[in-house]
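The following blocks contain the structures, represented as structure tokens.
Below, chain A partners chain B and then partners chain C, in two separate complexes.
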Partner chain A sequence: MSGNKANRKAFKALFYSFAGFLFLYSLYLFLSNLDQLFVTEAAVKTREITDVWGDDREIMNQFAGGFWKDPYFWKSLNLTVVTTLITTLIASIVGIPTAYALSRFRIKAKSIVEILFSSLIVMPGSVIGICLIIMFNYGPLWDLQNALGFRFAHSLFPGMVIASLVLSFALGLSAWKAAFDSVNPRFEQVARSLGSSRWRAFRTVTFPLAKSGIIAGIILAWTRAMAEFSAVLFFCGTFMELPSSRFSEFTKFIQMDQADWVSVAVWAQVEFGNIEYGFALAFVLVLIGGISVYIMHRIGAKGYIW
Partner chain B sequence: MIEISNLSSDLGEFHLRDINLTVNQGEYLAVLGPTGAGKTVLIEYIVGIYKPEQGSIKVNGEEVTELFMEERNIGYVPQDYALFPNLNVGRNISYGLEARRMPPEQIKDIVSDMISRLKIDYIRHRMPLHLSGGEKQRVALGRALATEPGVLLLDEPLSALDENLRTEMARELRRIQRSVNGTFIHVCHNFEEASEVADRIAIMNEGRIIQVGTLSEIMEVPANEFVARFVKTQNIFNGVSDGSCVRIGETEIVKENSHTGNVIVAIRPDNIEIVENSGQENVFTGVVESKKLKPYFTEIFVKADIPLLVLCKKENSFKEGDKINIRIPQEKVIVIKNSE
Partner chain C sequence: MKLAVTTRGRWWPALCGTITVSILASYLLLIASNWIYLGWSDTVYFFSKTRMWERFWLTVWTSTVSTFFSLLIGIPAGYALSRFRFPLRHFVASVIDLPIVVSPAVVGAFLFGITTRFPFDWISEHYGLYIGRNVYGVLLVQFTVTAAFCARLMKASFDMIPVRFESVSRSLGASPLRTFFKVVLPMAKNGIIASMIVVWARAAAEWEGLMLFVGATEGKTDIMPFAIYLDWNSGMMGWVTSMSIVCILMAVSAISAMRIIGGKSNVW
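Up next, the complex of A and B:
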């Protein structure tokens, strides 16, 4: 008995020291490179940059005095935040009722639906991206786009929303289902036996009890959408040279034109030699992700929203 | 009053077969059966969690079989009480009244009345997490009774309580049922518990109701061997009857009965008398094989021609190996047709 206890203690000590070492080392690497945020000149100037990005946007050369002065950065951020919020909203509106149905009703194809979405979670983003390309560029969905007069792929909306929605929805769904599963269905049955409609029983009993799990699901869905990279890159590409469309004026108006999804922008900048800019964008992503998860956890824990 | 007619259904693992049951207004019925007999499933069909494949359920004369749970006016206290953990005791009790959109003053009055009737004033503002088993049970009862249901279903309400509290709460349940003159259906697997609370007992096994009757009816005239065993008629034997006596192996017991051929003979241990003299009708001599002291009596295992369990007073001088005469009164011998 005491041997087991000692073993557990030793394991705990080993685990925490290893995890702590990894954490501190990552923190050290990150902090020691923070000076990269404040570079005023491009480290590398290659011909490709001007070829691809255009003469009028020699990014790092206009970037004197910090990345936050560059409109490209703010447009990217704007684009990502707005699009991921739309994605999260759609995922929540569809996902929360679906998760409730999967958790509470006896549905025949339930296990198939669950396996389908669970397998999406473990799928690489590139696979999702290529599947979306095939799905939307052939067959009935292609005909639909022709009928509507605009393309889904390589578009801000719905292209980016679709690309980020797939994994965001899948991850959110599993979290929301787990949240509903954790609430004893007896509560709802008793509430209904007392004369509550199904909706009132849900609103007054199940929902308040599943609240923190639902918030956790929303956080997961949002952060997953924000972190999406390969699916967005595959399905939408980069946006610097987005062909003009009927929405061009509108995207310009809402300050989202000629910008990239932040996680794609990180890659794009590094790809073209602007490692510092890439690092700066990555830093912003880490900051936003960390702060938002913290804030939403606090809100969820205190139940302020409802 | 509740009337269940020809209720049959299949839930895969559990099924109900041709359930017919009537519980009168103000009656307390216990549904008793072993684990897996279908008792809880029966409750779930009555409350409306599932819709039966055939049969009908009427509450106070009104057909409710096709109604949603919220339209049936059937109170339900599940085994784990399912008190809403996000609401305090008062809000739990007022939940059903709020669902009926009653005026707040009326809700307040009903809740106060229920709380004082159940003697739970001191926990009115407490959350369910901080209640003991007995308190939880009272709150669950109060919540279910506040809406004045046509019938109240209790699914093993005492199983989560410890032994001492169980007896106390069983009496309390009975008192509450009397005070509201409610129709109660109480599911349990414990014969003592059922006998403590119920006016009538329904014995259930393998999705069927085997027998319904008062405690003494079930104990004195069990419908079959299963019921006899379930109500703890310890001495059960296979025998042969000729109408005037039954033969168990070499032993012949005089008993006028209506069966001939293979029968089950059951003798309750509390019906066997220890007598001084042999030579009377149905008196057998045996040896005390072992003796077990119980709280209110002593169990004696007697080896006569047939092994018998006999109950006698706690104070007795019998020792293991003693020879004793035991008498089995003819009217106390239960003879059941052996259907196998």
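Up next, the complex of A and C:
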């Protein structure tokens, strides 16, 4: 019996060690980079020699590039959070009825629909970005934009929302569909047989039962929108170095001018050599992602992850 | 007497159907826009070039190798996450998930930060194996993202198997390891193969991390999704669109294969 117990312990230890490896690797990956936030002597010297930063040099030589003093940091965060909230709102308004239809109605070639949305999750981001560029910047949609006199691509409002919507919608849809699948359609049929209309049966029976899954899907869609990188990079690019005159008065008023999508800003800052500034932005994204994935685990959500 | 089911509220299914059809149409247009742009004869021209297939094979072999390593770690880790109960379970699971929920570009930046540190500098010093701006860097990026993804998928596969079978096997005197190999793994076989395909496709789709960490050397580290970015920067739209067609075909065929095998690959 004691041999059996030791056996069991060894088995558990073996399997724990693999999970522990992943846990420690991830922890090490994210925590060991905290020292990147401190500006090194070499970086300070380089900035003094090259003199690229001018008046901003004093800020850039502080802890983490003095990110809390730089309006670019707050404007970028403002831009990204507001845009992703708009994206999530659109995705849930459009996605919840779609998930309901895919889960309940008999649709021909449903497997093709499911393959389409599942394959979006394993499609490279650069392909999504290129598809968006080609869809909007060539052909009939381009002519339409010329006729109307505005651009989808390289714009803050429709551009960034469209770019982040593509994958955020696909992720949210999988979670919402799983939520509706887990509700027995019989309840709805009973409600219908008792005389309630289709809309009322949905609103009073199915929706409350699927509520936690729907909330999880909204969080998932928002997290995915925050994590979007390639589609925004391809479709919108960076705005940091555009002249102030390129932005409208309204954009300036809501503090979104000369700001970037946060994950694109991480890339841009690291490429410019402001390693510590890039890492400060990256840690913000890690915090946001960590908190929302923790909430999803607590809710016990169902669906895909990318 | 005819049982009257009310016709009020009919607008709701109609609305759902209309939204679904228009969403589907726009996504199909999005996916098909490359073909429409490129045309048939140009597709054939670019597909017959060796540069395309060199990049394709690079993508295939790197993602196969990284899938192999992530399965090695991911299957036992997924089993542990699925079966064992331990304190701070949700916290541990969230930390394991972090590389897939944060933006992959951020993961690339963090990998760029750790490759000068303890295990990596030691490996490059003693074994002459530099992990950075070469194909090992590509493998490391793919492994980082897919190991977490694989653990998630495996946890979902093991969750679908009732614990009862294990209890029966254990009560009949089999050791835990024997139970795992003779009962759990054969039962989870389909789920594991299906997840393996998805993990492979995910590894082949990884490029944002490479952008910050590895960079591209033509013919060495330019796996297909990254090559799209490079060629787009040099303005070679023919290459870009033909390569994104290949990537789309890879993703779609991987997911179709997964569905034929019968995997659900729901992760949570």
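Keep in mind that, in the parts below, the second predicted complex is superposed on the first by the 229 of 306 C-alpha atoms of A that agree within 3 Å, B and C clash if a C-alpha of one lies under 4 Å from a C-alpha of the other, contacts with A are read in each partner's own complex, and residues count from 1 in each chain.
Operating definition for what follows: contacts are C-beta pairs under 8 Å (C-beta built on N, C-alpha and C of every residue); 3 or more make two chains touch, one makes a residue touch a chain.
What you are looking at is a predicted structure, and each value in this text was computed from that prediction instead of being measured.
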| item | value |
| --- | --- |
| First, second, both or neither for A:S193, with chain B first and chain C second | both |
| Touched partner set for A:L116, first chain B, second chain C, both or neither | second |
| More chain A residues in contact [chain B versus chain C] | C |
| Which of chain B and chain C A:V205 touches, first, second, both or neither | first |
| First, second, both or neither for A:F150, with chain B first and chain C second | neither |
| Which of chain B and chain C A:F250 touches, first, second, both or neither | neither |
| First (chain B), second (chain C), both or neither touched by A:N184 | first |
| Contacts of A:W68 with chain B and chain C, given as first, second, both or neither | neither |
| Set of chain A residues, in rising order, touched by both chain B and chain C | 192-193, 195-198, 200 |
| For the chain B and chain A complex, residues of the former touching the latter | 47-49, 68-70, 72-76, 78, 80, 82, 84-86, 95-96, 99-100, 143-144, 147 |
| Of chain C, residues touching chain A in the complex | 3, 5-13, 15-17, 19-20, 23-24, 27-31, 33-34, 36-37, 73-74, 76-77, 79-81, 84, 90-107, 109-114, 117, 144, 147-149, 151-152, 175-177, 180, 198, 201-202, 204-208, 211-212, 224-226, 228-229, 232, 240-241, 244, 247-248, 251-252, 254-256, 258-259, 265-268 |
| Residues of chain A defined as touching chain B within the complex | 184, 186-187, 189-198, 200, 204-205, 208-209 |
| Footprint of chain C on chain A - complex, ascending | 4, 7-8, 11-12, 14-16, 18-19, 21-23, 25-30, 32-33, 36, 94, 97-98, 100-102, 105, 107, 111, 113-120, 122-128, 130-132, 134-135, 138-139, 166, 169, 174-175, 178, 192-193, 195-202, 216, 223, 226-230, 234, 262-264, 266-267, 270, 278-279, 282, 285-286, 289-290, 292-294, 296-298, 300-306 |
